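Shared between the two complexes below is chain A, which pairs with chain B and chain C, respectively.
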Partner chain A sequence: MTVAVDAPIVTEQRTKAPVGRLLRSELRFMIRRPRTLVALGVLAVAPVIAAIAMSVATTTAQNGNGGPAVESVASLVSGNGLILPVFLLLLSLAMLLPMLGAMWSADALAGESQTGALRGLLLAPVGRLRLLAVKAFGVAVLSLLAVVIVAVVSIVAGLAILGGDGMLTMSGNVLPFGESLGRIALLAALVTVQVWAVAAVALAISAATDHPLVVLASTLGGIIVFTILGNIPALDWLHPVLLTDAWESLGDVIRDPMPTDGMVNSVLRAVCYLVIGYSLALARISTKDG
Partner chain B sequence: MTIESEAPAASAAGAPARLAARTRNLRKVYGKTVAVDHVDLDVPVGAVLGMLGPNGSGKTTTIRMLLGLVLPTAGSVELLGHKMPEGAGWALPEVGALVEGPGFHPFLSGRDNLMRVAAAEPRLASKDIPRAVGQALERVGLSAAANRRYKGYSLGMKQRMGLASALLIPRRFVILDEPTNGLDPAGTREVRAVIADLHAAGTTVLVSSHLLAEVEATCTHVAVLHQGSVVAQGELTELLEAGDSGLLVSTPDVKVAVDALRDNRIPAREAPSGVHVDLAVTTAPDVVATLVRAGVAVHEVRRQRTGLEELFARLTESADQGAGLSEVDTFEEAR
Partner chain C sequence: MNSRKTALSFAAAGTAAGVVGLVVLATPAGAGEAPPALPPVSAEALVESVLNTDAIPALTGSVAVENNLGLPIPGMPASSGEGDSIQVWSDGTGKGRLALAGGRSETTIVDDGATVWVWDSAERSVTKVPHQGGVADKPVEGKFADPAAAAKELVTAMQQDSTVSVDGTARVAERPVYQLVLAPKPTEKTLLREIRVSVDSELRIPLQLEVLANGQSDPAVKVGFTEFSSGAQDPKLFQFTPPAGTTVSEKDVPEEMHGEAVDDWLSQADLKTVGRGWDIVATGKVPAEALTAAEGMSERGGQDMFALLGTFGKEVHGDFGTGYVISASVGTAVITEDGKVAVGAVPEQVVLDAVKTVR
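And then the complex of A and B:
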């Protein structure tokens, strides 16, 4: 157990590791996690399956075997592949993407705390504010990556399998290809911000517990409760503070002209949740026992 | 050597720079449970200090407060001359620690786990990370298993990983909380060898353990914790000697010896194997000279040394009875 020392190991005299190195290390670590790989894999496959399913349904409908409802959906989708990313982004925002954001947040602090690895970072030392920033960055980048994967794969799958070179809007006209992509990018950005908001709240819970499952359960439970509350008209006074209540307005990207009020409102709400989530997380991690 | 009650003022007046760690009046309360109370711990630079105590005596809590992982309810902590937890950025890069068992990710290999720890290490230049990780793995004998997943490591290998991360770069102060947990006898010897290497290199080491033999074999200093308080601390040899200042004389002339000693105002009594002499008021050479002058045939004279185990038992038991202080005060020795 002796080591020949050829050159001094310590050549730096700083009190903090370079932040770029910490961020790279965190991302590499998160992306190599088996559950992350599985989740991203599912996100990449789902749009292809959805595209094939729609294509089959369309073909069946064109052969005259489907009912009127199938035919109307089919007529909307057929040759209108760029509607697929919109459809899938909105669908995955309902549950899948928030769940992934919450999962990454849960692993970031509660999970690391559970294995004891968080202590290793605190002892290095990584300051607590810095630690939270690094963790929040990792969760944010992965959430963005997840949304981008859904968007890109479904654009490709939609164009390849369903065809078309423009987007038929809910207003009845067809947007040119470039503008369609712009609308999809806008929707992806809006969805990402919403996932970040959910993940920020999850990170606050994650800072307060050593059990990642608690984080996941409470975040998903919260989303379900919010959705239910949002569907009770008698509680309409409560709706403006519900994050999920603003998600419906994101579908406005396929209207022409595009109403922006709902989108701006949804972003503002998300920013409120982000600020509250990160503030609580910081307050908790500052005094958390390592 | 200090005993917890009056000593702090004296040592505080000394040069604080000569202490690798210092706590004053440290207290930690979890809810209604007092985990640590009135802990005044001094870790001299260059010492190997064994922190002894039964399970739940506050060893780990004290260490976590030393390292700034836990905020004390009251009291102050200095680590390498920096106030904790504010000075963590200055103190902790020079401190290697293994606290509450190793904490690594099961899906990464041993090497990748250490790479991750190394990335957060302020004193490591990025280009030196792979070399530092390789050396640390070699030092704890994990080079062969470095690329296997941590999940498949045995308990002993996991413990070695914790040691490797504590020794990733040369440190001024190494804190090991129960380092031999889960290690086989060979592993235990290796940990001892690592501690001896560190000591030889001038590194200060703090080892917590409930294994007395472990501490007796490796430490220069001891601090005994009991129910959240330090009941004794100081150099190991002094503590052991102070524990019993007796001399055991083997002689066939027991009666003559006892009489001769008592005539010279030296307390002595018959013991199963000869004469037991109390050294509280005299020294060993005086005793021998007195016996020789009295014509007593002396076969053997030896210092009666308390084992650490006995000392420890007495300290923790007397503290239990609440009558501990008078007992403990006998360890307060001339500096």
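And then the complex of A and C:
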């Protein structure tokens, strides 16, 4: 009788490694990939280039040589460095950050499936849910890291190159330094949730294919299609369902008083996509043969 | 395997929950809600109570403008411009704030009681307009000094050509409203079907205005609150300090408006009205200089203006010469080659008759 009870306990102990160690090793594994390092490096350099470009463009615009488009953006940026993180976060949310999220999702399952590493994991006595959770965690942390890098570097670059000690909002008043940082942190959190939603859908595709390129192409293709659909007025009944359609409302963080309706809606929409993405990924990975 | 089944049912439930969540988010709030039960009120009493509300109370809200005229109106966003919204604040003592949010810019107008500040984020500029004590407003206020009499007068005047009624209740911006409906009498020749004003049942201020044209199910023009809440507002909202590094320009708009140039223009325009009630048509003449100025720039410039009108409208000939008719769902305008103009919420024939009276 004691033997019969003991046996399952032994297998359980063997299957469950400490969660902390698992997550740490997954993260270390992902971060050490050269493409991850290159991508994060590009994210860190881009704000500096943008800050220099903006400061040059502003000088040109003040001399009357810039086009109207440059002037409308530059007019707020000039001497207002804390607005740079907002512009850059919104700009990179349009394409760069979703692409990175999709890339890491593609590597997490499809990439490992391609090299055969996933087969070993599927055969091992590891819960599929647990496997997916560790993979999703790695993607989510890296996405957060990417957003934080953009935000922090552009805050520093903006303050150093463009100057300013408060944030001149779109509504024409100046927010104190602390509140400005709060607004940037809020935007960073909102952008992260959106990238998580894209990455979750990419993870579902990643679970269904052996080719990482398919994941990347279909996720980016999906974003482009969503953006196009969002620009067709005749389809306005469809717009509240599109993930990308809510992104424009994130720019509301630089209005004062801050309208929150659009942001709350964008988060709820992202959570729906997140739940759908993870559910489909779970469905696919739990039916996948070893 | 059992765990696989559990995982699959979890996944199915999660997917379903996500899809349902998206559908719920996409469903407009209050759709299919029964109209609120409110005590019945007569049209006269409703108009009286609206006139009785002397000042706009402290409130905040978003205003949406929908325009299905089939013609672009300058300064009025088309209904497709969903990114644009108007946010309003009022403190109840005459101070106000208006934020016109575009996709990447914002225009904020702050009235702090003494000065009106106009901030334009795209230009990063501030325009300052000092108050003129509201001289022009006084006579109108005097006329409405006795709301009961004014309401009676107003409703009687309206009843000559229209039927005024309270058409049940509805909800605007999640607030119960009475719907005051003004419809032209059948003898009227107007293109309009009705004008619908939604009056807040508690505060008695209009929350929404709809103009409906014949043969259109959607309102041609709809201006109203999509969000509304009354109550004290943060006094900081009604102050404005031009931020450092902005260009501040001062403008004296009221003086300019009543300036000689405008007066001259108005007397030259020879504005008159033809007809009455719903069939009223405004007629006038575009000053000769405006036409010659357009032609003076280049020979082709003047021709191009009429060519442009030709693409918008329809060419007509008659006693008045050659003209162009521009039709929208709520009205018709005609402009002739010698500068006569007639505009009204009426069919083409009525406008053409009116333009013949212009000398």
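Methods note: the second predicted complex is superposed on the first by the 258 of 290 C-alpha atoms of A that agree within 3 Å, B and C clash if a C-alpha of one lies under 4 Å from a C-alpha of the other, contacts with A are read in each partner's own complex, and residues count from 1 in each chain.
The criterion applied here is as follows: contacts are C-beta pairs under 8 Å (C-beta built on N, C-alpha and C of every residue); 3 or more make two chains touch, one makes a residue touch a chain.
All figures in this text were calculated on a predicted structure; none of them were measured in a lab.
Participant: In the overlay, answer first, second, both or neither for which of chain B and chain C A:173 touches.
Facilitator: In the superposed model, A:173 contacts chain C only, not chain B.
Participant: Return first, second, both or neither, reflecting whether A:41 touches chain B, chain C, both chains, or no partner chain.
Facilitator: A:41 sits against neither chain B nor chain C.
Participant: Kindly classify A:17 by the partners it touches after superposition: chain B alone (first), chain C alone (second), both, or neither?
Facilitator: Only chain B is touched by A:17; chain C is not.
Participant: Considering only the touch criterion stated at the top, classify A:289 as touching first (chain B), second (chain C), both, or neither.
Facilitator: A:289: touches chain B, not chain C.
Participant: Between chain B (first) and chain C (second), which, if any, makes contact with A:182: first, second, both or neither?
Facilitator: neither
Participant: Once the shared chain is lined up, is A:32 touching chain B (first), chain C (second), both, or neither of them?
Facilitator: first
Participant: Is A:221 touching the first partner chain B, the second partner chain C, both, or neither of them?
Facilitator: It touches nothing on chain B or chain C.
Participant: Give one of first, second, both or neither to describe whether A:122 is in contact with chain B, with chain C, with both, or with none.
Facilitator: first
Participant: Would you mind listing the overlap between the chain B footprint and the chain C footprint on chain A?
Facilitator: 127, 287
Participant: Under the definition above, what is the set of chain A residues touching chain C in their complex?
Facilitator: Residues 71-73, 75-76, 78-79, 127-129, 168, 170-174, 233, 236-237, 239-241, 248, 251-252, 255, 257, 259, 261, 265, 268-269, 271-276, 278-280, 282-283, 286-287 of chain A touch chain C in their complex.
Participant: List the residues on chain C that touch chain A in their complex, please.
Facilitator: 3-4, 7-8, 10-15, 17-19, 21-23, 25-26, 62, 80, 82-83, 87, 99, 101, 103-106, 108, 119, 121-124, 126, 227, 234, 237, 240-246
Participant: In the complex of these two chains, what residues of chain B are touching chain A?
Facilitator: 64, 67-71, 88-90, 92-93, 95, 97, 99-108, 112-113, 115-117, 119-126, 128, 131-132, 135, 138-141, 165, 169-170, 190, 193-194, 197
Participant: Report the residues of chain A in contact with chain B in the complex, numbered from low to high.
Facilitator: These residues of chain A touch chain B: 1-3, 5, 7, 9-18, 21-22, 24-25, 29, 32-34, 115-127, 287, 289-290.
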